[in-house]
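What follows is a pair of complexes built around subunit A, which joins subunit B in one and subunit C in the other.
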Partner chain A sequence: MTIDKELLEILACPVSKKPLELSEDGNFLICKDSKLVYRIQDDIPIMMVDEAIPLDEWEKSQGKG
Partner chain B sequence: MSEKPSYDPKAFKEFEHAGWERSAANYHDLFGRLTAQTNEAILGRVDARTDVRFLDAPCGTGELAGAAAKRGARVTGLDFSATMLADARGRHPDLEFRQGDAENLPFENAAFDAVSCQFGLRHFPDPGKAIAEAFRVLAPGGRYAYTDWCPPGISTFFQIIMDAAKAPGDASAPLPEGPSVSRLSDPDESRRTLAAAGFEETEAVELPVELRCGDPRYVLDIIYKSIVRTRGLLEAQPPEAREKIEQAILEGAESHRKDGEIVLTLPALMASGRKP
Partner chain C sequence: MTDDAARQREKVRKIYSGDSDYYITSTPHAKSGSLTRAAEILKPERGIHLDVATGAGHTAYQMAPMCDWVIPSDLTKSMLESTRKNGAEKGVTNARLLCTDAEHIALRDCSVDSVSVRIAPHHFSDVQKAIGEMGRVLKPGGRLVYIDNIAPEEPPEAKGYNDFEALRDPSHNRCDSLPVLVEMFENAGLEILYTETMRKRMDFEEWVNRPHLSKDDLDGLRRFLAEPSPAIRLWMNPREEEGKLYFDEIEGVILARRG
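Right after this comes the complex of A and B.
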């Protein structure tokens, strides 16, 4: 991933305003607090609430459910 | 300041989003040339210099973000339109962009030293919320500036459009209504709004912006290809009414020809403040 680490640190969930966790594959940002997952597409995090994936759905799609 | 909106915020947001997706391809070369005339004033006011953490939201095609990076600022651009961001990224591959909503910023508190909103507030269902979010993500001492267009009367560009809209006689376009824009470009109102949001050292100054062209059809190009609300007004008209409005815009623009060139003024109000 080419996302700047320092800038990733200031990124927060638009709902909870809490810090996000980067997924292992580097393609998603996870908010445990609001239970929402945000995609990273072409190095641009998609921080739109309308486009966020519910955490349980995302875990299932990742084979973790 | 907190009256209930008389419009449907969701319909307004959808209208704006669809509109900007459509205008992204031509924005930079048309309307972007006008908005860019305020770049240096904004960057000076928010003190965007070396190592300043700077957020521009909405960033559109990234012109202001690029100008801030040239000054050495650490730049983040945010926009709700994926198409606008793709254009911004193509022009400025080294800058950081986020897709998001300026009314619900995806950043921690106090993450930036400078935040700007260049002609964005009138496109949000709740401009006050975007100002409050800017305040939240600013560090103490950080600066915020926004620009909005001065109204017809001050602006010959918007005067022409307003006069032309009356040409068919009954301009009753079924547009999704949005927030009132007059408040944003009124110097006293804008300072009051910023003070109410917690800002100090508020200031409101008028910035000159000019549209110069040889062919009045350029004005219609700008409206149809690179902006949203005025195009929506025109497209909502029946064909004969729309033709009359277009004709009136062309004639209005032509009436401002001087020494062979059409010169329209569309000054902007820049309102700014500092977080205590």
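Right after this comes the complex of A and C.
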């Protein structure tokens, strides 16, 4: 999975409007402010609030919780 | 997000997820005069261009040769797969797809040089909010071209027109009149540079060639055009030409700038 670096530079969380952090595996975009995680699917960031994963739930699924 | 907004979004997803490739070749989206007009009026000069509710990406790809790169965006992932397919067929190489909705654009403030939205806001749950979001992501001095079908100014005629559109497409929410749209831009702090209207000839049989329409829906649409009020007759000009039914849609075109 890849995300274009130029696009990543201007992407923001649709809730907080803050910059996002790319997960280590490059498959997710994380907003620490809104505590929401967005998937990247087929190289497309899915920045829909109703499809976002709560940060704590995502961390558990990644073995980080 | 309100329940109404969530319901409206689901309607759009349902229609467009099942029918996304239709928009690659749909005449009003792929070939109408407003497609080239959008680029003529906006005249982007390099930079980053955002196309909101891009559908199959026609407007984004019209802008692409004039920009460093473009962002075709849509709230439906399956629609974006059609956008990608359409871009590949056209040989576009400077597009980055983004799944986001118009009322909550996932871009930073002042991040793009120009914005377009074409034949889409009538699906939005909150057009005022979407215009505010498009203004927010524009850089100061950046320009936005907004093109959509408009409704007559008189409320009863506007309602009749919107009911007609919604019968054909359940994801149609509302078309507004041009003065109402202009007021929304002003409310969002955007400066209106130019407005115009364009009359678009619609082939009824082609327009209703949609998989979800029932015989009752088709009868209702035909009845509306067969028995129009005087104001609707003037607005839509339903008519037969060589045995085929035609009517007009009127597109409002607004060019605005962020101060």
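Keep this in mind: the second predicted complex is superposed on the first by the 63 of 65 C-alpha atoms of A that agree within 3 Å, B and C clash if a C-alpha of one lies under 4 Å from a C-alpha of the other, contacts with A are read in each partner's own complex, and residues count from 1 in each chain.
In the analysis below, a residue touches a chain if its C-beta (ideal position, glycine included) is under 8 Å from a C-beta of that chain, and two chains touch if they have at least 3 such contacts.
The structure displayed is predicted, hence computed values, not measured ones.
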item: Subunit C versus subunit B on the shared subunit A, clash or fit after superposition; value: clash
item: Subunit B versus subunit C as contact partner of A:10, first or second or both or neither; value: both
item: Which superposed partner A:48 touches (first subunit B, second subunit C, both, neither); value: both
item: Residues of subunit A contacting subunit B in one complex and subunit C in the other; value: 4, 7, 10-15, 17, 19, 38, 42-49
item: Interfacial residue positions of subunit A with respect to subunit B in the complex; value: 3-4, 7, 10-15, 17, 19, 38, 42-49
item: Subunit C partner contacts - residues on subunit A that touch it in the complex; value: 4, 6-7, 10-15, 17, 19, 38, 41-50
item: Interface residues, subunit B side, partner subunit A - complex; value: 53, 74, 76, 78, 80, 82, 85-86, 89, 96-101, 104-109, 111-112
item: Complex contacts: residues of subunit C adjacent to subunit A; value: 1, 6, 9, 48, 69, 71, 75, 77, 80-81, 96-101, 104-109, 111-112
